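For clarity, chains are labelled A, B, C, D, E, F, G and H in written order, and residue numbers in each chain start from 1.
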Amino acid sequence: VTREARLDLARRQRLGMVEAVWGEHKSAPQIAAILRELAAAGELALVTRVGRSKARAVVRLLEQDPSAAVPSLRYVSEARALVAPEPPATEERFGRVAVLSGGSSDRGVAEEARLALACHGVASDLILDVGVAGLHRLLDQLEALRRVDVVIACAGMEGALPTVVAGLVPQPVIGVPVAVGYGVSAGGTAALHGMLSSCAPGLTVVNIGNGYGAAMAALRILRGGIPPATGLTDAGAEGRR
Amino acid sequence: VTREARLDLARRQRLGMVEAVWGEHKSAPQIAAILRELAAAGELALVTRVGRSKARAVVRLLEQDPSAAVPSLRYVSEARALVAPEPPATEERFGRVAVLSGGSSDRGVAEEARLALACHGVASDLILDVGVAGLHRLLDQLEALRRVDVVIACAGMEGALPTVVAGLVPQPVIGVPVAVGYGVSAGGTAALHGMLSSCAPGLTVVNIGNGYGAAMAALRILRGGIPPATGLTDAGAEGRR
Amino acid sequence: VTREARLDLARRQRLGMVEAVWGEHKSAPQIAAILRELAAAGELALVTRVGRSKARAVVRLLEQDPSAAVPSLRYVSEARALVAPEPPATEERFGRVAVLSGGSSDRGVAEEARLALACHGVASDLILDVGVAGLHRLLDQLEALRRVDVVIACAGMEGALPTVVAGLVPQPVIGVPVAVGYGVSAGGTAALHGMLSSCAPGLTVVNIGNGYGAAMAALRILRGGIPPATGLTDAGAEGRR
Amino acid sequence: VTREARLDLARRQRLGMVEAVWGEHKSAPQIAAILRELAAAGELALVTRVGRSKARAVVRLLEQDPSAAVPSLRYVSEARALVAPEPPATEERFGRVAVLSGGSSDRGVAEEARLALACHGVASDLILDVGVAGLHRLLDQLEALRRVDVVIACAGMEGALPTVVAGLVPQPVIGVPVAVGYGVSAGGTAALHGMLSSCAPGLTVVNIGNGYGAAMAALRILRGGIPPATGLTDAGAEGRR
Amino acid sequence: VTREARLDLARRQRLGMVEAVWGEHKSAPQIAAILRELAAAGELALVTRVGRSKARAVVRLLEQDPSAAVPSLRYVSEARALVAPEPPATEERFGRVAVLSGGSSDRGVAEEARLALACHGVASDLILDVGVAGLHRLLDQLEALRRVDVVIACAGMEGALPTVVAGLVPQPVIGVPVAVGYGVSAGGTAALHGMLSSCAPGLTVVNIGNGYGAAMAALRILRGGIPPATGLTDAGAEGRR
Amino acid sequence: VTREARLDLARRQRLGMVEAVWGEHKSAPQIAAILRELAAAGELALVTRVGRSKARAVVRLLEQDPSAAVPSLRYVSEARALVAPEPPATEERFGRVAVLSGGSSDRGVAEEARLALACHGVASDLILDVGVAGLHRLLDQLEALRRVDVVIACAGMEGALPTVVAGLVPQPVIGVPVAVGYGVSAGGTAALHGMLSSCAPGLTVVNIGNGYGAAMAALRILRGGIPPATGLTDAGAEGRR
Amino acid sequence: VTREARLDLARRQRLGMVEAVWGEHKSAPQIAAILRELAAAGELALVTRVGRSKARAVVRLLEQDPSAAVPSLRYVSEARALVAPEPPATEERFGRVAVLSGGSSDRGVAEEARLALACHGVASDLILDVGVAGLHRLLDQLEALRRVDVVIACAGMEGALPTVVAGLVPQPVIGVPVAVGYGVSAGGTAALHGMLSSCAPGLTVVNIGNGYGAAMAALRILRGGIPPATGLTDAGAEGRR
Amino acid sequence: VTREARLDLARRQRLGMVEAVWGEHKSAPQIAAILRELAAAGELALVTRVGRSKARAVVRLLEQDPSAAVPSLRYVSEARALVAPEPPATEERFGRVAVLSGGSSDRGVAEEARLALACHGVASDLILDVGVAGLHRLLDQLEALRRVDVVIACAGMEGALPTVVAGLVPQPVIGVPVAVGYGVSAGGTAALHGMLSSCAPGLTVVNIGNGYGAAMAALRILRGGIPPATGLTDAGAEGRR
């Protein structure tokens, strides 16, 4: 089973993070093999960017050999991710994250971020449909935003949401451009550039659609200089890319 | 004097617009020749994108031959434009335009738009420094915005200002991206794409830095289907490009 | 039902516009849920960029629960849009718009603009196949163009149609680049850049393929400073993106 | 004096940050006017991206009118910034930031970040010349890195430094692409894309050359949910863009 | 003297063309050396893309050594080219070319094309200021266009001129994009893409600003399958790049 | 039947060219309607960029209504085109064209060019697999190339073939970039830029994959200033785009 | 059978390399014809970039005519290539190559390189999952790397692997960017630019995904100035593109 | 003196290469300080991309403090580089490299490569003006090319030279794109893409204008697996970037 991935089990000790297995360019057999390896090592597995039909193919492959089962494997369709075993319950004491999305088309990326946080025991609030073309919807949420420790703001099209948020609250704000749009905004580059160009001070950005990365950045912030072993679930995995 | 430009004197009759002479890629002698031609034809001349030193060279060239003078030539430094003769006083009855700019770096483009409107007798208000990273500054101007007929919104960086404006007021909003920024926003493409991607309905856009074009679009709107000859100053010129 | 969209029912009061639900990156279940919400709120729903098979899936989903029906839902295939209920009859008194297209491949975008106008009671004329490689076809339509209040000109390839139109008539001209072309014009960027670079004064532009946006810009122009509540159908909706 | 900038004095209360005045596209007279306004308001002024000759012009302009002096104005040449008055001494209790740069060509951006931190009383360590083509230089600094709260990693060329750092330490890492390079890396886009594509989990990025922005992101992190008024120097300014 | 260029004197026999020496990236000493070599070989020299100050430096260098003079060297400022010796008189019997330009800013490229034709004895007409935003100016020239053998159409901005021309006349039309414009048309790419995307059948294109190349394409057409030695002046040179 | 295309039957008189109907973005019903219109008008129809399955759909649609038949419709699969009726036999007296392709992947574009020529009665030779990585294959064809009037050279990847050809023969050479390649050459832009940058004098270029356009350019050259009515088949059509 | 490819059988004599037939843009019938030609000529055939279903179609086509069989044809699925006949056993005496990949998603490109080497009798080691976000995995392989003659390093995402390798070992290092990534790294351009921008001295690069090209570069290095006929298997083929 | 560069003196031991100090984005004082440091350490210094006036400024700065002299410093103007002390004589026994350039504008990059080789004692031949538009010039050099161990081929414009060379000779060929060109070839991207897209097998590429990098790649090849200490001059330096 060691063929498909050179496991970096030392990583959890080093960084205290589950590194998601990036599923987009991996075949179903490759993913199944990695899941088995991680289950055998007792690690939590999070496989991102897995479409529904590929997820089904992985499950079928795993069922063919019950001797190497992956217990409690679940497909979280709104986040397009496979996770096994069930992550532990989230706890408020690690801090709290708000995950915003400009429109309902951005939701998949927001859910990937929330699932990645949950895999580390971190609670998050999802605040949908607060795009800047209808400002009052966002202003209505200001009180809620002031109560969290980190804001993750997902937006496609022109990507102005994180800019407006970072102009309103003093917390760390992580912008996640989303590949939702058409014409010049197709693919998410317009949103990415809008966020990077932001005139709001201190906004940082991750790659287009990288909900997992935004979650890990929030995790780094929540823990600060505290050793990663503290306040972490027992899960940990490796193999992204 | 007919060498440097094939005058389209019919254009003012056709469109009722002064088409600015675009000065950026023209030499001082080319500009001086065009100014003389327009003065001889009794047309108002507006030459845009002329830096201070080129403007001085044009004036010097014109002074060398007093027999072909260009009366009342003036360099409007904040708009980087030459104009001759003095445009007529603006009148409220043609309607009113608000010209917004996100920051003081965008001011040159906003002033080009205002000058082009003034050349057609149209009054405009300049509202500076209403960038979206400090929303309250824009919200303070909402009443003023509701009183105008057309809004021209100039912004560099991420260019979110027109989006937010178009989400707040029902009038026509014309976005002008400005080449103010660095890194991914250098050159104004990020602002342009942000405006084109806008989720605010009915925002239209002109080329980066095209204050003159935004003014002419506003003019088309103010006049509607009314014949262009009506309500126009006597100025008219040709030769852009 | 509030899950998929945070309705901005105040928007119709603010802007007087039906904001189309943008269907391209939404799943059939997401669209069905939004349609139900809007029907329950008594709002007109316009869902753009919906392919034929996704439209069928939406209809099937809605039929599964007759208790939450969406009355008079119709798929307008030439505009690739769902609309419910039937928009009111258009009226000339709101003004008249001409929608031009360079070739028959651009027709879908032109029809999206016309449908969006119709949702607001605005009549429009469709003038097809007036590309600039055969100028006489366009020149034949000059009289018709002079009678309208706003021109929407859709073009793919090199996108020169709006430039030529804006050089001939004084009305507001809104260019809509269309993603029709191959090689350097694939995706519509060449047409977009051609329109933005136009040497015709006062042409404005919307995003590639954004027929809805062009229609809303025309609506803003037709109404000018008049309060949006006047002369509007009762329809109004929210949820784009 | 209110002409050149609509001051957002409420911003310091809202975000607790000095927003740098962005000097690159402002003229010397514009900068001088803003400096006077801020001095009159008793605010700390930080003007970034000012070349040596423009800085001299600003100083000359200010000296012409001693009645409106800007006390303690200083040009920090290695950071290409003007600052007035002298920032307070930094204090360790706000936390500690390491600012890394891949090569000595990246130093200007690193110094801008350090100066912006110093304006808020935050101490930082500068670690130069730790590019990844000579890994041992970076590995030698691991212990130092483990003692700080936030890492800001500046790199041009291929921009791999933040990736390697984020794979080694668990703290928040903010990548700053630098416009140092030639051919495909000229302008900093290769470095930016390299950082955004990073396979190290939780790395976030700011715009190319945006040392100030990275510093403000670090400040947001250091303060967490704590009200911004706490632990801040009395400085505060406005006018960026 | 053989150091700076490996002369391809066989080329004139092979192709019957003077290949211009491309002056833009060559130093004045490099250009002077090549001019001497060509003069020594009795070949006509055409050096393109030479600014006025570099031209002066070349002349000064050549004057320093009268023993290796380049007779009849002339700087053609409107074409930004050096030529030596004086080309022969043009003759109608080789056919006739019309060189069009959209605006006076495009003139330099048009003049480069005309000079290159003249170096081969081919006559050409220059028709300026026939941009498509004022169609009647072009339509007025239709009769003149119908009398020539090849049309070279130079245009910046959106570059629509060659498209409209190729829709009106059946002769070969060669489009030359010009780097005149700003924003999305800066550098000439918008014009290039517009011409390549043209819906007018049979339009061909050369690189941005390549007036020389367009002239050589016209020359290939004028001669057809006829051996190049026929109907050529005695000039011939080498060394471009 | 006039709905789908505004026929430009005057075009054949004006330019003497069959303008291909561009099939890529048209639906099967749109193509079928245009074919019927052209057949009714007695015009030759050439529909390019039609995949096999769309071609079948068109044929099926046409068979459903025998009263409006399109006689002698044929699908030319190697050129991906529909043509009706059968073009006349080609004749040598109009001149001769060589169509080269660098590799067998480029063949489709070469065949489109040949079919378009054949529709105008022009004969052509196809010379395959003469890419520059094996120069002797091209050098073996030099004699054949010297006998034709125009060369059309199709190439993907780095697109160097037309450059090398234009350095060897004096005839007009038209480069057609082909969208064959991967990585940086995917889509054909590398080939296009290579051809436009060519250091061979007088090479002209058409859009990526535009075999039809190259053929029409060749036709313009073959006819020179001769009135288009001469030496043309009776075919003629309209509707591209 | 000579229709689909002009064989360059002299190439093996000239360069001593099997040039792979590039299968991506060729149809199954084209590939089958080339395979038959090469088998008839006794040449080894390597067809790259062939998906599983196209490979099956090729095999089916070949089986239809047993008189023109292609002996020992095999589909190497991990390299997405067809090869016939079986390559000879590899030999250490030609030197040794290490093929590295950053993650398991990059494996296909690595396997293409290994297969191309094997077709020339060259042995290689595959070292998977040594991405730079977990440096210790790469450092563990240093001893193995020091024993080989050439390193081929395949990486997607930010493509930093070859940079780090070239900073650690003195052998020739060939970087192969892989089209594995999303957002700004989709398509492999970020990896390509990262490798080209590398601050490690002497790293060279091939096109995105070009495993075959990297192998041929390694072969050129292994042989140095030695005549290609020496130490080569008898295989040799032609027809790429 | 340790301020401006963290010396990696271990690098020469590790890789056996002088890493050039990259002078383009360094100030004259930074370069002077590095030169002093390297002289003090007894290392050979090679500073690339230094214009003539910056070189003069460095020399002036060094002369101001004779106590810290840099012996034998020389400015090699044709390579735009500073070198100190004089490199040792080159020796044939390390192998031989041919450095080709397409035109005389490319010469600077070719000379940078030659100087970098000379710093390591490697001899090279410079072959100028062998662009592919006049093939016979290259074919005349075939015998010379067959005698060298590695070919470095520099080319701007369309960059086809390395492709043609790699199709003719079996040695390693390293392509160096040069930023010589205009329009689509300005900046060297067209040449870079042309080389990466090459259909000649086994061509590798370095960044645009990276003559130093090509030389170091050649050095890695010449040495193969041999320990770098062997056959090296005593020079060695650090600090690039």
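One rule holds in what follows: a residue touches a chain if its C-beta (ideal position, glycine included) is under 8 Å from a C-beta of that chain, and two chains touch if they have at least 3 such contacts.
None of the values given here were measured: they were computed from a predicted structure.
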item: Equivalent of F-H within the choices C-E, B-E or B-D, defined by over half of its residue contact pairs recurring; value: C-E
item: Which of B-C and D-H has more C-beta contact pairs; value: B-C
item: Between chain C and chain D, centroid-to-centroid distance (C-alpha), Å; value: 45
item: Cα-centroid distance, chain A relative to chain G, in whole angstrom; value: 35
item: Distance between chain centroids, defined by C-alpha means - chain B, chain H (Å); value: 50
item: Multi-partner residues of chain G (each touching 2 or more other chains); value: 19, 102-103, 131, 133-134, 157, 167-168, 183-185, 189, 192, 196-199, 201, 207-208, 240-241
item: For the chain G and chain H complex, residues of the former touching the latter; value: 14-17, 19-20, 147-149, 167-174, 192, 196-199, 201-208, 212-221, 223-225, 227-228, 240-241
item: In the complex with chain G, residue positions of chain A that touch it; value: 4-6, 8, 10-11, 19, 22, 24-26, 30, 34, 49, 177, 179, 187-189, 192, 207-210, 238-241
item: Chain F partner contacts - residues on chain C that touch it in the complex; value: 102-106, 128-131, 133-134, 136-137, 156-157, 180, 182-186
item: Contact set on chain C toward chain E in their complex; value: 102-103, 131-135, 157-160, 163-164, 166-168, 181, 183-185, 189-201
